[in-house]
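One chain, chain A, appears in both complexes that follow, with chain B as partner in the first and chain C in the second.
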Partner chain A sequence: MTGFILIVIAALFFPGIILRTKSIASGRKGPGLFQPLKDIAVLLRKGSVFSISTGLIFRIAPSVALISVAGAMLLLPFSEHKAILHFEGDFIMFAYLLALGKFFMIIAALDTGSSFEGMGASREALYSMLVEPAFFILLATFAMFSSYTSFSVIFNHFYITGNDYVFIYSIIGAYLFVQIAMVENSRLPVDDPKTHLELTMVHEVIILDYSGFDKALIHMATNLKFALYGSLIYNLLVPAGWNTLLKIGAFFGVQTLFAVIIGITESFRARNKMNKNPKFILTLTTIALIAFMVILILTEKLV
Partner chain B sequence: MNGRRYLEIRNDSTPVDTTGIPVLDYSLFREEVTAMLNRDDCHCLNYFCHPVGAGLRFICCIADDSSGLIRIFSHEKGDDDSALQSLTPSCSAMHIFEREIHERHGVRFEGHPWLKPVRYPSYRADKLSVMNNYPFYTMAGEALHEVGVGPVHAGVIEPGHFRFTCNGEEVLHLEIQLGYQHRGVESLFTETGDGLRRVLLSESIAGDTAVGHGLAHAQLVESLAGFNPPGSLQVERCIALELERIAVHIGDTAALCTDVAYQLGQVACEALRTMVINTTQFWCGNRFGKGLIRPGGSNYPLTEEITVEILRVLEEVERRFGNIVSCIYTLPSVLGRFEETGTLTRQQALAVGAVGMAARTCGIPRDTRATHPFQYYRQTVINPVLQERGDVMSRGMLRAMEVNESVNIIRGLTGEWSKMKKETERPRYELGFRPGSLAVSVVEGWRGEICHVAVTGINGRLVHYRIKDPSLHNWMALALAVRNQEISDFPVCNKSFNLSYCGNDL
Partner chain C sequence: MFGSVAFLIIIALSLLIFAVSEPLKYYFTLALLLAGVALSGSWSIDILTGSAPAIELILFRPAHGPGFVLTLDSLSAFFVIVINITVLIGFFYARGYLAPYRQTKQNTRFSIHFFSYFWLWLSMLMVVMLRDGLAFLVAWEIMALSSFFLVIFEAEDRKIMKTGISYLIQMHVGMFFILIAFLLVYRSTGRLSFDALAEYFDGHHNLPLFLLFFVGFAIKAGFVPMHTWLPEAHPAAPSHVSGIMSGVMIKMGIYGIARVLASMQSDLLATGIFILVISIMSGLGGIMMALVQSDMKKMLAYSTIENIGIIGIGLGLGVTGQALGSQSLALLGFAGALLHVFNHSLFKSLLFFNAGSVYYATHTRNMEQMGGLMKKMPWTAMMFLTGSLAICGLPPFNGFISEYLIYMGMFYSLSDATLYISLLMIVAILALSLIGGLALFAFTRAFGIVFLGEARTAAMNHAGETTPGMIIPQVFTVGLILLVGLGSSVVVKPVFNNVMITWGLKGMPMVAGALSYNLSRISLAGGILVVTLGALLLYRRYHLSRRVVEAGPTWGCGYTAITPRHQYTANSFSGNFNVLAKPVLRTGKIVDLPDENELFPGKREFFTRSHDIFRLYLIDLPVNRLSGLLKKIAVMQTGQIRHYILYAFLFMLLVLLLSLFNII
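On to the complex of A and B.
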């Protein structure tokens, strides 16, 4: 339960920190930390407009996306505090809950019948598909490492396995989770969330037809998803044995750092060329694969 | 050469008598023009026709970059319905002019492969030709799909429709359909007898080129009136033109960065552009230089105080722009987007008759400041900046280099100016025009060559006014440059050309 609440709190200020970092990096003062939340509040009070060419799928997709993220949050522990739901192999459930939300957003985009949204849907589907192996191989590495297959137990046992290489694995894991989160949340260098150019959009274009309340749901899901990945990173980096207050501080520290890293990345580099994106994403899989091979050797499962 | 086949004039020289232009038989005209245009150093400035009696008189102005001459060819056609053999198959750059003539006067061009509407003016010959039945080029195939963008765009820009035929992410063909604005600019010039009104119109032809078009018009009017601007006024105009070039080039660099999501380059360049346009505002009260260029004189003569301010700002802009440019064009992620994206080959540029920046990025030295000098450029040495590769990177680099070049030109010009006798007078809007004449005025705006042509009647009134913005040719260059590119790279290609919608939709 603690994990769930902390993620919700972190999601409140996460987009504000990204925005603020980018503002400061570009020499501006920037809006207040809670401006993105206020924007969502405004959207929540508005009605939605639906195109006549859309159907049921288009209307339910934002709710499904939000619920799927909330569902995934139920599976994440906070150090030794176990998740609300935990069972063997729950990380597969986690990955496919997020995938379900994305799947609905993609078919909703196709539902609009717009050529822009069709292109965006095809790009989004491709990148999600490519990033999936990276996630699973990384999780398999951790499962190997701790000999458990549930998030709650993996992270609990991470630092007490006594393995000398735990620190390296935490770092590689954190790096990959940051990158996977960037791909999954459609941020630089794979996608540019700020662009107004439909032809270069990936995620933005598939939510182009949403307005008002539904758009607020999508934004909420995105913010929660960021904090969700931030929580994964925290669990990797901070040993469960620390004092609770210190851990809560560390949790928000990790979330803030994560947001700042995203902000800085987006300030000082350009987006990838579209056809370079698959290569970029496959690199993540490769790194995960190397980590996996090494753990196989270390645990003497591979001669 | 043969003086009986054409007239030779220089940019900004005395107008010619319309009766003095030799009228050729069409087949001879075609032969002469084709031979001339097949030279790399010649391109068509303008080709148009205007009614004379019951028939039509065609005028073709061809610029020869080597000799700095403008050759004027002419032929006539009765009011019969006969078709003309199109020039386009032998010199494709003429396609747009023939389309324009066809649209406006209903003249049929036989053998023209692409006889489509250009801008749907209210006075078009075929009133049934409307946006909704524009004959798009189509391709059929299982794997192909079409993407239509516009006429309403996401950014606050002008209307234009882009029809892509794609195979997945790859663009096979792009067709650009403009003509949503129906402004009737050219006819407004001839309808009004008010000189001031015409000046204001000229500044509004394309808002981003207020100085360029304003200067082309002022130059034309002065030429028709036989007014020779004093040296100090000429220098002031050149400084204004270069300031406009610097401001737009820096703004475009910012926009290129925006399109590839490079925030640092974007914000740094935007700030610099503001500094430059604010300097123009300091001079004339308008950030885009509206009100600065007037025939016969100026309401805002340059003063010592203004030159000091211009030089101070440019000093800082040059230094800071140099810094940010070296950041932008060395950053791997930016190079990955710019290099080998949207390549226009030299062959293609020549074929579409590209002018200005689009031509110079393909190694074609078309810069009318050097080849057909006007105003004080006649006394200034201009070295056209060239790039060879014709991709987005080249167009970005060209801008960066031209900014430096323009800063140096302004430094030279202010030096000259301070030594000069200040003879700039008040503007003169009631200049009388030489009757029965044709005058041509060419100006190198920041985008490229701007050409205004006017024909006066026997009473000295304007009977025909033609405007040619560089965008007219260059839109086709953009359509060719995005072939076989990813569709997601279209915005950055488009921005690298930064063509004018309203310059096309006159």
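On to the complex of A and C.
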């Protein structure tokens, strides 16, 4: 339960911190910390326009996406506080729940009949397909190292093994989670949320036709998804033995740091060329395989 | 005793299908099927619930020889249930699907069709129940023949006839492998039966015989590279037939492999790795090729190969688990494979029936011409969506459960595995997750292009929803999909028992107990998901009712003269993947460019096409080489009798010389 609430709180600040970082880095005054939340509030007050081409799928997809992220949140622990739902192999469900949301957003884009949205949907499908193996290999290494297969137990057993080199592994793991989160949330360097040209968009173009309530749901889902990955990174980096207040502090520290990293990346980096993205994402799988090698060494299977 | 007599009567009555007059013919066949399904289903349920360990029914036993004796054990019973459900639903669906053909086709054609359908069902039951090798092969042959007659229902079309013949030939190639394998067993044990396998395996190397059986059964199951019949035959057959062929008939190959595996005693690790490699190839190859098809049924056929790959990964893991003495890996691998057999029979038959309904309404299978069909056929669209979600393994549908079991097997075994096994597992995990991602790509494409957006051709505007008679059987399948997806902890128990009995595993309850707890949590999560989604959608409705909701055209990004032809097509949707997968798929464009001096270029056509490289390099190329070689040898075949006499003389001379020098 603690994990769930903390993620929701972190999600409130997350987009604001990214925005602030970006405006400070570019020397602008920029919007306030709560501007993204105010945007959502405005969207909730507005009416909606639906394209005449669209049908049921377009209307239910944002709700499915939000519920699937919320469902994934149920599976995440907060240090030794177990998740609301925990069972062996819950991370498989985690990955597939996020995929469920993605499935619906992709077909919703195709429902509008717009060629631009079809293009975005195709890219989104390709990138999420390519990033899947990296996530699963990373989790396989967790399972192999800790001998557990549930989020709620894996992380607790991470630092108990008494192996001092676990730290190296945690860093690789955290780096991968950051990168996977960037791909999954369609941020730089794979996708640029601030681009103005539909041809160069991935995620932004598939939600082009949304307005009002549904668009607010999509924004909520995105923010929650950020905090979701932030929470994964926190669990990986912070040992369970710490004192509770310290841990809550560390949680928000990690989330803030994550948001700042995203903000800084977006300020100083250009988006990849579209046809370079697959290579970039496949590199993540390669890094995950390196993490696997590290674990093989740590568990003394490989010299 | 009563059972076997009743069964024989049902079989005998099937001949009357030819005699019964037209309107009753369908119902007569249906009645026979229902009776047979009830009878065999009740036996299977007895066995699966544990009230009877095994049932033996003597259909026919001559004074000498084994005759036809049906033996049901738990593995057979499981497959009987799988067969019965899909075959019955398929037959209900067939009534509506065949209706338009009634004006054009003769009565006899329907008689042959129904008769073959009944015998396909019967032969599949026989295949899973007969233990005697010879009787088994007879049933196997009847299965090939009856499905052949079902495939060539529209035999007026030359192409379909040709596909049918090539299907028949490939099935027989498979049968010869099985026959040879049985004969090897016969030579050393004196018995021609599945029961003699254990005796044979006891004293011999296990792998060679397994490979013989595997090739034979894999041709039926459609493992790469023995899959070449599958993407041809499935689209050619009427949709209810493709549904049961893909849903259950190919699973007879899996049954055969499972049956052989259950008797194996050594070489297990090599066997496991072999199955894993072939299965990963099938899974990845199948789904990659599915992703670039524009024929709807061909796409589903390739996705069948992918799912056979997933089942194979489960079997391979199970055998590996046995080899390593890891009970949990063995249980989860085999249970995942068996459950996926059941799940795939549900959602793939559903998808084929939907594809059939689309064909029924639009008279085309080409996805590029479709679009916007959800508005015309909402029921079919929703069912195709369910099938797609299930086949992608997304919760809370049934595909997730079987993939979860297979994943769990791998994750459990990782922690105490040796280096090489860890590497093997990581490759399998990599493959399975990639297959999952590709399936999502392929099925968003299929659903989105066919059912969503705007109609791409004017022909789509005349499409309409199919009859309730075709929809209701499919709703039943959807119900079963949800039942397995949400009630997995109950459904999985008989499957676990089955695996434990069939593969003789011991000490299972602990892992099994933990798993049914996990599965109950998954059901709970699925339930929460459905309920909260419902609540959110209700709130959304309330929220929107108090706001201004308008309708307008899709935002054209500044361009105002958009036509439905501008939409993304199936081909463009997979375009970026095509670029990436070029080394494997060899996608090429065929464009005929205008000449330089052609002042007014006329109408031109443009094709893209991809290749099945497994077929190209592993089947076509060697066969072409071989037939080239044989053509050269055919020079000897002059057609003149004196030459043949000369050959005979030379041969005898050769024999004489060889025996003179004591070589033979």
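Everything below uses one rule, namely that the second predicted complex is superposed on the first by the 297 of 303 C-alpha atoms of A that agree within 3 Å, B and C clash if a C-alpha of one lies under 4 Å from a C-alpha of the other, contacts with A are read in each partner's own complex, and residues count from 1 in each chain.
Here is the rule we go by: a contact is a pair of C-beta atoms (placed from the backbone, for glycine too) under 8 Å apart; a residue touches a chain by one contact, two chains touch by 3 or more.
Since this is a predicted model, take the numbers as computed values, not measurements.
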### Message
Contacts for A:188 in the overlay, against chain B (first) and chain C (second): which applies, first, second, both or neither?
### Response
first
### Task
Using the superposition described at the top, determine whether chain B or chain C touches more residues of chain A.
C
### Message
Touch test for A:119: chain B only (first), chain C only (second), both, or neither?
### Response
both
### Message
A:88 in the overlay: touching chain B, chain C, both, or neither? Say first, second, both or neither.
### Response
second
### Query
Which partner does A:71 contact after superposing on A: first (chain B), second (chain C), both, neither?
second
### Message
On the A-aligned overlay, A:276 touches which partner chain: chain B = first, chain C = second, or both, or neither?
### Response
first
### Query
A:29 contacts which: chain B (first), chain C (second), both, neither?
neither
### Task
Would you check which partner chain A:198 touches, where first means chain B only, second means chain C only, and both and neither mean what they say?
both
### Contacts of A:268 with chain B and chain C, given as first, second, both or neither
first
### Query
Across the two complexes, what residues of chain A are contacted by chain B and by chain C?
115-116, 118-119, 198, 275
### Complex contact set, residues of chain B against chain A
145-149, 154-155, 169, 257, 259-264, 266-267, 271, 331, 333-334, 336-337, 341, 486-492
### Query
For chain C, which residues count as touching chain A in their complex?
371-372, 374-375, 378, 385, 389, 392-395, 400, 403-404, 407-408, 410-412, 414-419, 422, 425-426, 429-430, 432-434, 436-438, 440-441, 443-445, 447-449, 452-454, 514-515, 517-518, 521-522, 524-525, 528-529, 532-533, 536-537, 540, 543-544, 547-557, 562, 564, 566-568, 572-577, 579-580
### Query
So in the complex, which bits of chain A are touching chain B?
22, 25-28, 115-116, 118-119, 188-189, 192, 194-200, 266-276
## Note on the structure
chain A residues touching chain C in their complex are 44, 46-57, 60, 63-64, 66-68, 70-71, 74-75, 85-90, 92-93, 95-97, 99-100, 102-103, 106-107, 109-119, 121-123, 125-126, 128-133, 135-137, 139-140, 143-147, 149, 198, 208-209, 212-214, 275, 278, 285, 289, 292, 296, 301-302
